[in-house]
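Take a look at the structures below.
One chain, subunit A, links the two complexes that follow: it is found with subunit B in the first and with subunit C in the second.
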Partner chain A sequence: MLYRMRTLITKEFIQLFRDRLLAPFILLGPLAELLMVAWSTSQGIDHLPTAVLDMDRTGASRGLVVAMENAETFEPYQVKSMDQVTDDIDRGRALAAWVIPAGFQAQMTSATAEPPQLQLIVDGADVAAAQTAAEAGEGLAASYGHAFLVQATNAASGETASLDLSLRVWFNEELKESNFMIPSELGFIAAAISAMVASMVIARERELGTLEQLIVTPVSASQLVIGKSVMAVSLGYTLFLLMLGMVVWLFDVPMRGSLPLLMVLAFFYILVELGWGLMISAVARTQMQALLTCFLVVMIMVIFSGYAFPVDTMPPFMQSIANIFPLKHWLIIFRGILLKGAGVDVFWRELLSILVLGLFIYTGTILLMRRSRLD
Partner chain B sequence: MNWRRIFSIIRKEWWHITRDKTSFFLLLLSPALALVSMGYAFSVDITDVGIGVLDQDLSLLSRQYIAQLGSTDALRLKAWPQYLDEVEPLLMRGQVKAVVIIPHGFEQDLRSGRTAGVQVVVDGTDPSTAGHAIRHVSGHTEYFAKEQMEGQLAQVGQLASLEDPIDLRLRAWFNPSLRYTVSMIPALVGIVLSVPAMAASLALAREREWGTLEGLIATPIGRVELIVGKLIPYMLAGFLSVPLCMAVAVFGYNVSFQGSLPLFLVMSVIFLFATMSIALFLSVFAGSQQVAILGSMIIFLFSGFFMSGLLIPFSLMGPILKLEAFMFPTTHFVIISRSIFVKGSGLAAVQGYAVALLAVGAVFFTLTVLTFKKKLS
Partner chain C sequence: MLGRANNSAVETVELVKRFGNFTAVDGVTFTVERGKIFGFLGPNGAGKTTTIRMLMGLIRPTSGMATVLGFDVVKETEEIRRRIGYMSQRFSLYNDLTVSENLNFFGGAYDVRGDRLKARKATILEMAGLKGREGELARNLSGGWRQRLALGCAIIHEPEILFLDEPTAGVDPISRREFWNLLYLFSGEGRTIFVTTHYMDEAEHCHRLSFIQNGRLVALGSPEEIKREKMHGQVLEIDCSMPDTAVQTLRATGQFGEVALYGALVHVVAENVDSYRPAIEETLIEAGLEVRGMELIAPSLEDVFIASTQGDIR
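So, the complex of A and B:
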């Protein structure tokens, strides 16, 4: 039994290294990709190129532009006419624009006049940037106006009551987008590559006709699945460790929890994640089918990686679907260990979910393998 | 170049694609199916972020303030810790994203005209949710403070209401209510349309893996003819998915199509040409389908998601990244697709990106022809 397994595993590794390009591709490709991706997302959405049409040209309007520069969301530059604003936004040169009307300062300081109409134009085609600009813009206008107001009322009536909000951010003190994004990307890339590698192993044997030879040997379905997954898990795990090293040393993502704990859990997680690929592989007849099915699964997986939207604010129906993807649970654990320094007592529920999913996935794969060898 | 020979390669390839019915339907439908599921995820707005409240003051005003916090669906009051020690486990478990702490003397301070302090502890792990919580808590706090101020001013007989001194008018062009789907779906079309290219990269690699390339080498077909013959059927298969994806976008997600349909179709052909050229170049080097799949996944899928300007605008990337992103066809097509779909732009606005796509396509096509040798290794 053990001897059979060993020969099977040896065969897998010989096959892996015989293709000179395959192993370097699996390991270095995702690593290079993560480097680029982490680099590109580590900056977040700020310094949006912003056209400013200042028709007032007073102290108040210049003060507003300075406030924009200080807020760092906007990178204001002056334009001369409304046509230029329209043109710049159309061509994507500016992602937002402020239009300060003539009489801005006069209307703001006078007690009787209507408040001045300040316009903020955002490019709705790029909604992530537009949303950021809109929220920052509203805050900016409100606090700028508020500062004026408090000055005026304090001059009139002395001190008045006010509320002071003191803010403390935990776990990610500077609210760095990269501390959230980069672990997500790492989790996603590791999961996708492991599933992809695993999805092709059995399909390849079937396509090339070598599965037939394996079937006539005394190797059983479960031994075959285990043999295949040993190769895939050792690749996936090496990849994970390489990427983790890069993330912690190169991108300064904090590592607050216990490293040995993370390494042990990651091993089991990758084993479970591979199961998805093996399951697809057991059903697919050709590598092309395996690729296309895997693509669909990976596309759904990215939704639940929290890269675009936090899973906890999704509608209940989506949340229940999210639960069948090990990635969702894993990212809670992974971020918990990295950023919060959490231990098993905090995320035992997620751990249990991954375990249960793993049992289901592997049982399913072995059953499917048994059935398909009769075909 | 002999068109008859090219045509026979095309016919052979097309048989390959359509012979396996499962693969054919997966190939045609997977872009549209992926768009359906992705689009659903991208149409979620952040609401109901759970927060906890620790009220140490237990006064009338503090209760009013708490009611104010829970008055919209942006925040939901989920936990009521009694002691400071309970705050950390709440945030650690992720049950709530923020805890608002109202200290003793909150009411007294406000009534006597002193500055009252409120503390907010936020879980910063997910900065966008954290930012949402911070903005809404401070918005409610400002509003509450203003109401208190108005009340006091009214007592001493001053102006009764404090109007905002600035009237901000927000105009979101092209997408007035800032719906995520309007901007994301056209961009995702670009990402899902790289599936045909992934399939194409398998095509050449498969010939080599199965040993059927040897048969082709023995025929008088030239390498340009062979590559053109491989390119065209996969472009055709990809082109068939374009209307499917557009139908999902327009009918499934109510994203109205503002631009010109012929222009969009021409642009998608150019995009398919660019992605296919890269895919074929990759498969020249790949000895097996496995390498081809992994390579095309890294190039098309990961780069498509994370670097194409889907969430972080292309114009904000640094120079080195811009150069890299420039090579990926998806970057250009995301911009083109958004412009035509959402802004209704004409040729003038997108021609620069179209030229870039053509250039990328031409470079990789030439490289493929030059490096592909009709020889056995």
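So, the complex of A and C:
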């Protein structure tokens, strides 16, 4: 029995490593994807092409442009009219624009006038860039206003005025959390890969006729499935650890909660999602069928689980459907541990939901497998 | 490892398998004695594979009863599976494993390990002529080698019975002959072989045969018995031009018994067929065909098979 299990597992790993493309593709593909997602959302965004409409043309306004250049977030260039600002942003030539009104310097140095009005326009279609530009813009306006006023105060009398920045975000009024994507990506890919690999290796045996050959040996269907699952889960879990290490060390994503807790729960979650893969393998006749069915399930999961869009913004009906996907609950747990340092006391409801859903998934899987074995 | 004593290797009683409205196997009853090579013959779609799959517990019979080594095929599949070997027409090997890894794997599946595995591997590699090629991927082996490796994997645990489902499909004649030599060796150890085939020359190698046609057994016995029982008449072999046309012409007359194409020759089977010679020759010449020769020959199994299946259709 143990010797048989060892034989089955050894064979899966020999096959995995003999395929020169499969293992590297499965490990490196998601890592590369995560790298790109992490890079584009968390890494410092700088040198954004920025249109500057300077209607003041004074020392103060030129000083502001120099301050922008020094801050490196913006790569300013001068434009002549508001139409050109609109046009450049529409066409994507500029991702941000500053509008400096006429009388900027006069208002800054006068104690009686209204605080000077600056306008920063950012292209909200690119969420990450927009958020960075907005944050950097606010900081820039505040520090520049402060420095200028200190200089002015020293030069003249004791009157003060503050800079008033009006921020406009175009195209996408509500900016989403920029760190949103990394936990999604990380929390989901490893489990999806495990399910996909398990369903494909089982379908492969069926397609090549070796499944029938195995069934007539004393190897039972469950032993075969366990052997393959061990391989698929090892692969998925290795991937999870690699990705976690990458985002924590390379991208400084906060790891505020308990690492051992996260590692145990991630393993448990991968086992639950593996059930999907096994269920698909009980139905799919060929590897291609298994792969395409997995894609379908993954797509639906992604849409409903808050992977790309927060569940809170979905219509109530859709929100209730989202609850049947373990991924939805897992993302709450995962973001909780990673970003908020939450413990089981905070997310025990989500954990329980995953457990219950897991029981449903595995019951369905076992029923389907029983049915497909004889006839 | 022996099955229940005093039992036949395989026994079926009124075995039936239906798929929806289609009856693939229709009340088949036969017995296979231990230590014999039992040939299960029939055209494609006759129910050979369905029967073999029922015997191995891969599908459940609709009705009827079957035992393998005295164990029930529905209730005692576990007992059966430890004692049988199976080789399908697809030579189900792992192409991405080497010769040696394939043997290790199937050995492990049957709990053959340690020194026994080593000894069995050595015997099988020797027997299959695969010595020195242990490290080669199964994918890179050609037909005959793959077939012999598949056989090796199926007998690594020294099974009581070996089931072979069209084991020589798509293999060259020399490899087929070598393969049959291996089967004789295996059978010589007192083990039972259950083989399906549609090659009639292979059927001659079997101790006992059964013919299946449209899910029903149409003949059962040793090759000689079958020839004696089923062959009412003699075989007249005709060598003529356009044999296709000749067959149709002769059949159209309806006077000469069974007429069948045999390679480029025409076989006419009937009682006292010798007396038809002049009439046959005349008919063919009238049809504008050239008759090169005619002679009485000993019937082959193919003649018997055609005679009995055509009789069945009528």
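Everything that follows uses one rule, which is that the second predicted complex is superposed on the first by the 234 of 375 C-alpha atoms of A that agree within 3 Å, B and C clash if a C-alpha of one lies under 4 Å from a C-alpha of the other, contacts with A are read in each partner's own complex, and residues count from 1 in each chain.
Convention: a residue touches a chain if its C-beta (ideal position, glycine included) is under 8 Å from a C-beta of that chain, and two chains touch if they have at least 3 such contacts.
Just so we're clear, the structure is a prediction, and the values are computed from it rather than from any experiment.
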Touching partner for A:Phe74 - first (subunit B), second (subunit C), both, neither
neither
Applying the touch criterion given at the start, work out whether A:Trp330 contacts subunit B, subunit C, both or neither, answering first, second, both or neither.
neither
Looking at A:Asp19 after the superposition, I want to know if it touches subunit B, subunit C, both of them or none. Which is it: first, second, both, neither?
both
Is A:Tyr237 in contact with subunit B, with subunit C, with both, or with neither (first, second, both, neither)?
neither
If touched residues of subunit A are counted for subunit B and for subunit C, the larger one:
B
Return first, second, both or neither, reflecting whether A:Asp90 touches subunit B, subunit C, both chains, or no partner chain.
first
Now for A:Pro49: first (subunit B), second (subunit C), both, or neither, which partner does it touch?
first
Report for A:Tyr362: first if it touches subunit B alone, second if subunit C alone, otherwise both or neither.
neither
Intersected contact list for subunit A, partners subunit B and subunit C 19, 208
Considering only the defined contacts, which subunit C positions touch subunit A in the complex?
56-60, 78, 81-82, 84, 86, 88, 90, 92-97, 101, 104-111, 113
Note: in the complex, subunit A contacts subunit B through residues 19-22, 25-26, 29-30, 32-33, 36-37, 39-41, 43-49, 89-93, 95, 108, 111, 114-131, 134-135, 137-139, 141-142, 144-146, 148-149, 153, 156-157, 159-177, 179-180, 185, 189, 192-193, 196-197, 200, 204, 208, 285-289, 291-293, 295-296, 298-300, 302-304, 306-310, 312-315, 318, 332, 335-336, 339-340, 342, 346
Flag every residue of subunit A that touches subunit C in the complex, lowest number first.
3-4, 6-8, 10-11, 14-15, 18-19, 208-210, 212-219, 374-375
Contacting residues of subunit B [partner subunit A, same complex]:
20, 22-23, 26-27, 30, 33-34, 37-38, 40-42, 44-50, 91-94, 109-111, 113-131, 134-135, 137-138, 141-142, 144-145, 148-149, 152-153, 156, 158-159, 162-176, 178-180, 182-184, 192, 195, 198-199, 202, 206, 209-210, 285-291, 293-295, 297-298, 301-303, 305-307, 309, 311-313, 315-318, 321, 324-325, 335, 338-339, 342-343, 345, 349
